[in-house]
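This structure is in structure tokens; I'll ask about it shortly.
Labels for the chains are A, B, C, D and E, by order of writing; each one numbers its residues from 1.
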Amino acid sequence: MKIGIADTTFARYDMAKAAIDELQRWMSASIQRYTVPGIKDLPVASKKLLEESECDIVMALGMPGSKPIDKQCAHEASTGLIRAQLMTNRHIIEVFVYEDEASSEKELARLADARTREHAQNVFKLLTNHLTPEAGAGKREGFADEEPVEF
Amino acid sequence: MKIGIADTTFARYDMAKAAIDELQRWMSASIQRYTVPGIKDLPVASKKLLEESECDIVMALGMPGSKPIDKQCAHEASTGLIRAQLMTNRHIIEVFVYEDEASSEKELARLADARTREHAQNVFKLLTNHLTPEAGAGKREGFADEEPVEF
Amino acid sequence: MKIGIADTTFARYDMAKAAIDELQRWMSASIQRYTVPGIKDLPVASKKLLEESECDIVMALGMPGSKPIDKQCAHEASTGLIRAQLMTNRHIIEVFVYEDEASSEKELARLADARTREHAQNVFKLLTNHLTPEAGAGKREGFADEEPVEF
Amino acid sequence: MKIGIADTTFARYDMAKAAIDELQRWMSASIQRYTVPGIKDLPVASKKLLEESECDIVMALGMPGSKPIDKQCAHEASTGLIRAQLMTNRHIIEVFVYEDEASSEKELARLADARTREHAQNVFKLLTNHLTPEAGAGKREGFADEEPVEF
Amino acid sequence: MKIGIADTTFARYDMAKAAIDELQRWMSASIQRYTVPGIKDLPVASKKLLEESECDIVMALGMPGSKPIDKQCAHEASTGLIRAQLMTNRHIIEVFVYEDEASSEKELARLADARTREHAQNVFKLLTNHLTPEAGAGKREGFADEEPVEF
């Protein structure tokens, strides 16, 4: 197994370090890291990791700012990440942490770390087909999970 | 016939269970289930079900949250699901239930169950070419149908 | 000539019936009808009509609801219809009637009927290269035309 | 050189006439005109002009209305025009005039005429590689240019 | 190494001049410049630079105006630039400066110059694989960097 990690210099936390650390707790895989300036550079970076570096899956890590233009950039990046997946038939797990999801810088760092680690676990479960037992369970990466609903 | 079911751990109701149960009432088909973390992972999951697992049609099941960012994610996922269909010339029936469509958790569960089941019936009717008699009839999955209009 | 008609069970008026009736007044063409649940299913339905049923052109008929999510769905459907055209180099004439374009159910039915018929005429004129004399004329399908402007 | 002109019956001014007149002042080129109902039909019309009529470049002319849905249509059309260019590696010069850019019908006609003519000149300069001397100059088609900025 | 520079006549500052000057300080590379009217022409211009002029990377330079329609155009251009990258597996570094990011014309010019130069440095670092040491560092091109966050 080879896992690609695409990250940015725009982010304010070293999400890739957390991702690599967490991945290594769960599986022994070769890891290829590729850093680009911002989140809009992640789609082609991820596609290059999948096609040129022959990764089986990629984690695309980014921290969009809080301005409207940053939300717009995140939308464009996400659309591109989905397109890249459809062109390659492989998964790119997007881990985006929005600056306004946290009320302090400390909380922002904690959220970036926790969400990245929980998605690293998702990568492991996805590759080993272990997500179905958690289907419909209201999982929330980086925050407390929601309760499932019943009628 | 082989039917793919793509669902998420983010959802708060086991929509896939309802889909499989309903499909089995209407037809005898082989069913392949594939669970991913969130709705943005559904496009490539659906495409893999169509191309790698050779499904004839896919149901993509998800429950977007109620925040603006969740609406954005749903938009990106829907756009990707349409693109995946155009790349494969096969249908992916999107079944999304928005958290703010229901006024209580019980109602949310009921809606998720009902919409999934009615779309499972659509899958059967689509595969057997039985939808034209209902064309223009104001069908609404999960809620009461609208009345057709006349002049 | 073979003309495809893609329509939905979500719509509240049998637009396909109006389209077929009007097309038959203007030309003798083979017509293939294909009904899907909602407007987001129209892009792949239209592409299948063009590629698998070998239609020369398709009319994609739908009636989006009036909620914000319905506008979003229409946007996704329209984007997909344009993509499908670019993939096939053939026209798909989109005929969408928004529920909030009319002030009563009677007016909604009249609008759906009139817009569909005028676009059926566009299909005929497009296939026979008869639209240029009306270029810049302020044509509005279903409503009164606008006046051309001068300086 | 062969230049394609795609225009609409929805527009309220014969922009194609202005485009053809202006192009003929600047260059001797074969011109192919193709009229469609509305701006959402322009992407495939332009692609057909590029691929089936073998045009070297296309001008896509349209006048979106002033309602929110018209802005949405223009966005979908623009996205499709960019996609068509990427699929063909040739330019499609979009000339859109929004009804609410002008304060009177007379001004709207003048703007449509002027913007079309200035973009016809852009077509000539683009084909002959003459735009670089005007790079960063604040050019505005149809309105007075902006001043370049300095520090 | 061959670097493409795509710029516009719409911009109010000669960003390409700044890009070329800065690139030449950091590396000896062949540079190909291509000027188009506006930012929506940049995606195909960049793709032509990558495919027809065989550039290894492209900088796409533009200055969107401050009106809502300009934001829309920038969104369409950005989406196209990402699509062009996915079609070529090569980077296009987008350098957009929004007119309303600066409070004066002098500041606008300074910002356009600084952001272009810092992204030219990113091009060098990306080509030579030197961005990872700055990952998560809160880099902001044209403005002061943000502080990294910790917990």
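Note that a residue touches a chain if its C-beta (ideal position, glycine included) is under 8 Å from a C-beta of that chain, and two chains touch if they have at least 3 such contacts.
Not measured: the values here are computed from a predicted model.
Peer 1: Tell me which chains count as touching both chain A and chain D.
Peer 2: Chains touching both chain A and chain D: E.
Peer 1: Shared interface numbers for chain C and chain D above half of all numbers used, same, or below, different?
Peer 2: At the contact between chain C and chain D, which are copies of one sequence, the residues are largely different (under half shared).
Peer 1: Counting only Cα atoms for the centres, state how far chain B is from chain E in Å.
Peer 2: Here chain B and chain E have centroids separated by 40 Å.
Peer 1: With chain centres taken as the means of their Cα atoms, state the distance from chain A to chain E in Å.
Peer 2: 25
Peer 1: What parts of chain A, by residue number, touch at least two of the other chains?
Peer 2: Counting only residues that touch two or more other chains, chain A contributes 79, 83.
Peer 1: Once you draw an edge for every pair of touching chains, what topology comes out, line, ring, star, complete or other?
Peer 2: ring
Peer 1: With touch defined as at the start, can you tell me which chain E residues reach chain D in the complex?
Peer 2: Result: residues 7-17, 33, 35-37, 40-41, 43-45, 47-48, 51-52, 69, 72-73, 76-77, 79-80, 83-84, 87, 105-110, 112-113 of chain E touch chain D.
Peer 1: Which bits of chain C are touching chain D when the two form their complex?
Peer 2: Listed in rising order, the residues are 71, 75, 78-79, 81-83, 85-86, 89-94, 98, 119, 122, 126, 131-132, 134-141, 146-151.
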